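Have a look at this one.
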């Protein structure tokens, strides 16, 4: 079962609400002897931290992670070494202005989970969206930081490739630019920053919001990960990405474009490389064939809808069935897709780490 | 774990290869007292049966299902009643021309799982694709036929909405036309049949293949199904659809389009209906908010790539690392997306049935 | 979830009723390249086959197993090689005298699952106990035959150590005697055969039944299998054994005796062996410490209650709440514990194979 | 998978080591609207708290639980109401005298998990047993306190029925005596206190330890819980109990005694009660038939071995393979079985709550 857990051999259980004392996760199944530092985790968390530019929510959260179990400290006093037992991580909630949400305690914000939580459970923690808040994703990012360490040579990177009606120019793709200080958008195209900024300023000032498409590329994925038929690597990546709040679509490799082209165009031909290793002449498959990794880069994209918390009043109802106009006043992201980049990376990394362990278990390799 | 099983309370395990004696599935967790006939299952299987038009593989398989356990026969001598114990179903393979595959026993067909199975397992059953064959999907359709019976009032229907570069006209949408005898494409648009036929004849005669996009709509889904955070209904639908062979993308509701529009446009406003029940004024969300069903129609789309078995030679290698040109001679579908329609329906039905039982378990409703 | 499935990486799903057309199992997660013959499986099945002596049920079932998927045939024409995909096995029911059960279709046999199945499901397949029949265990034995092949060097053997009030003399323990033709009891003590036979003849002739205790010893279990805290090897062995029909108790190593002795007596001291490997000076722990195997023999015992199908009338009620006297007339085992020996072996072998793969997955060793 | 998680619909994941900053659990799948107070949980924790008499470890831990998520506070300012989202609970470790363990950092205590953890993981947190410490069980007790609230009318109570070679007199059984202040043993027999105290004082003063047998009785279990074949209620109770540290045997109802008696003796006859409901005339089955609850009391017993931490030197080896004599100096329980009583109750309560939700999911009742 998986209400709040994902993964099989590398398993992550998250907990916590937007306005409770803390949130966190338990990472179960991490192999023993994996070495990482608090800074490794904190660096990932800092990427998704709110309040870092005017384009994301102004909530101020230090998002400082504590590791409560599952590790011993190396003699260097800094490196943590996993012991094979569950790694519990906790992040305290600091900046919880509950009063912001008073107005909408009983109203259903269109596009939000307010209505469905109430229908399902009969009650909900409305403050900041409760469990459905994007704050839950901090726990995923912390888990992903550990997942990255498990597969030797694995590099997982994400980029925002479109925002609303604006897209990057793929000819300018530069991974190094993504971490740059003048890049608040995780765009790999330096020339897109100004247009994105102008566009999003307009959206933000009008109290609106807009969606985005994120691409995650995992390099160093060994061939052979994944399992037929209901344990396909792409299936688990799709599941992991679709579990992120506000995600409405997932593609692997060519994705929906594959439905428009012919078998000749879509086939990735093979030759032998100079080193005697098979090489693919293209990667329309996104690194996965029959649910199993080919050894090429694994490529996934996901679509994030515009945040539903907008300043324009929308028609809705409240808990008593009274018709109301709803307008969100809290601090929110004009484009939640931006901060989804490190989350998408984390979810892909976790899927790959899980399949790495599963493959090793079944095949011994 | 889930190599060959999906679902949690409604669980399906499939088994079988293209050229073994049989294939089948075990449906575990079906509630007791569910009533269905062999014909109910057979009718679904007949929809995906090969050899029904010149546009699908000419392999002739009766696909006759046997129910081996988990039911008792009602006094009417026809209705099967589930007992709550596992329902085992088996379909014998009849038309297995193994010789067709002799040439490619050691070659890797580009776009196929040949290479990845060999890399993963070190050996494979190459005949007809072995386990990665589309024949495995017959078992899914049989399981889906039972899933449909579990949720009272549930209706799950699928339609092909585009094939290669051709699309239907949504203004002509007519569910009733899909089952019509003159409709070999599962298209809901009668005016699209001739253009699709002409287009696909061209593809077929040139030895090529083409992809398709399928839309599945589930009506009668109670509000409240799904679970935060890693048991979202849309997540499990995405996982189920992505597990179908050749699927490369999945969308819920607006899908990737949601990334291009604003929060105002994407929000589904609510009012109270005349019957005192909440109604939504639109359904951009595809019937799911925060991973939980709203009570509206659940809408999912998936992209099927062109089949990789084409008559045009493609560059590849064989098991010994020798470079070869590969051309598939077996009987195949010029557009596997066509027969994916009933499979997609089955996978969506299974996800909904599973969440129906899970919801009932956790909440008692 | 696990209505009808057990194991995690080595997963077994069984299906089938006593009086349906067949029963079987799907073994998922078997590593690729495992070699076995049909005879390997059949030999295990033959051990638990009914009708082999006057001390077990006279139902005549050939219990001939068919392997329907997941293997390819080696060039020797005899050896099956697992491909890593699910192995489906089926055993047809042949000797189903349904009429024997007519009288008790609506009556609840004391000690049987008749009442609880009806209470749970509202209906049941009463013929021969339906799903709760001991025939289901044939599928377990078939799965166990494959499990045995997965861990190199693993030897799992079982023995009946007591029957009713009679016990073996452990000083006479001889594993080789168990397979002997003049040993219908799986006893390791040749001197016990005659006393057991006399005792059970008395039980049988009086229309009564009696319980038994079985001991299973697994040698060649690598140290390190098992996982804290809820994946302990002994926990999974206990779970597997307790899932066998009629089992009411499970012990590991010293078992309940451990509760009666002191820490000094119970401790297994360690020394270094001549080969530089650690050795234990005793094995009170039954080869498992903290849920993880020590490398010593794993020792488990389980108690099987007397079969509830007896010729002496017992007070009961029927489906309508009418008070009745129930007497079973079908063919049954006076001591079901006898045939539980190969079943217990199979369940222990499956648990060990599963943990072998899980350990390899998590640790790479 | 289940390294550190148990349950299916009511799922508990525990984390934490003896000498880390904290330990805790995440309870996933708790239905919404369950009401409880912090005191409800704390009362259970206080039962197993160390340091309460001279017969248990002198480690002083307040074991104060914090609830970090998954609840909202009722208007009474005291009652917590579950929201259906994961309930995270944390207990800080306070009294961690790490220095006590310095000597044995590299030595393997016979009977402990020291050796197996090192063999499995290659490294371990040796302080206080690390993850294998009995402190982990505090998290189980906290989870069990919530499980008790889920099944209406459920009462789960445990009692120590024997300690070493001493047993209670069942004729004196009095549940009310168990909570009495002059009862440090959880014995239901007031006349056993003095003999137990004298016996255990002798054990304690000689630096030895002794085992115990605990009986857990669950009343108010609805008929119909449990699922064939690998989701039997008794199987999951056995698994849960065997997962407790130091447990070496589990029995349901008559347990091993069932193997010694006849079918007539073991059968629980049925009649109709005056209220028109079925009644059983005995309960040899321990409230479970065919893996499904009968509606009678569910009865389980488990055997706890003597703690391996004793003052008498035992032969062992260290990490380098050097032969050593090991003597534990830390604070430990002369009879860990005493504090196992509330833990056993919690594990049984969790199994029943899980099956209650599963049954409701599959059958709607």
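As written, the chain order gives the labels A, B, C and D, with residue 1 at the start of each chain.
Just so it is clear, a contact is a pair of C-beta atoms (placed from the backbone, for glycine too) under 8 Å apart; a residue touches a chain by one contact, two chains touch by 3 or more.
Everything numeric in this text was worked out from a predicted model, so none of it was measured.
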When C-D and A-C are ranked by contacting C-beta pairs, first comes C-D
Of the pairs B-D, A-B or A-D, which has an interface that repeats that of B-C (more than half of the contact pairs shared)? A-D
Roughly how far is subunit C from subunit D, going centre to centre by Cα mean, in whole Å? 27
Round to the nearest whole Å and give the separation of the Cα centres of subunit A and subunit C. 45
Residues of subunit D that touch two or more other chains: which are they? 1, 3-5, 8-9, 14, 29, 32, 84-85, 120-122, 131, 228, 358, 362-363
So in the complex, the part of subunit D that touches subunit B is made up of which residues? 1, 8-9, 29, 31-32, 84-85, 228, 357-358, 360-364
Parts of subunit A lying in touch with subunit D, wherever the complex brings them together: 1, 3-5, 8-9, 11, 13-17, 20-24, 26, 28-29, 32-33, 66, 68-70, 72, 81, 83-88, 90, 120-125, 130-131
Given the complex, residues on subunit D that touch subunit C span 1-6, 8, 14, 108, 110-113, 115-117, 119-122, 131-132, 136, 162, 164-165, 203, 208-213, 223-232, 234-236, 238-239, 242-243, 245, 248-256, 258-272, 276, 278, 281, 285-286, 288-295, 303-310, 312, 314-317, 321-323, 337, 358-359, 362-363
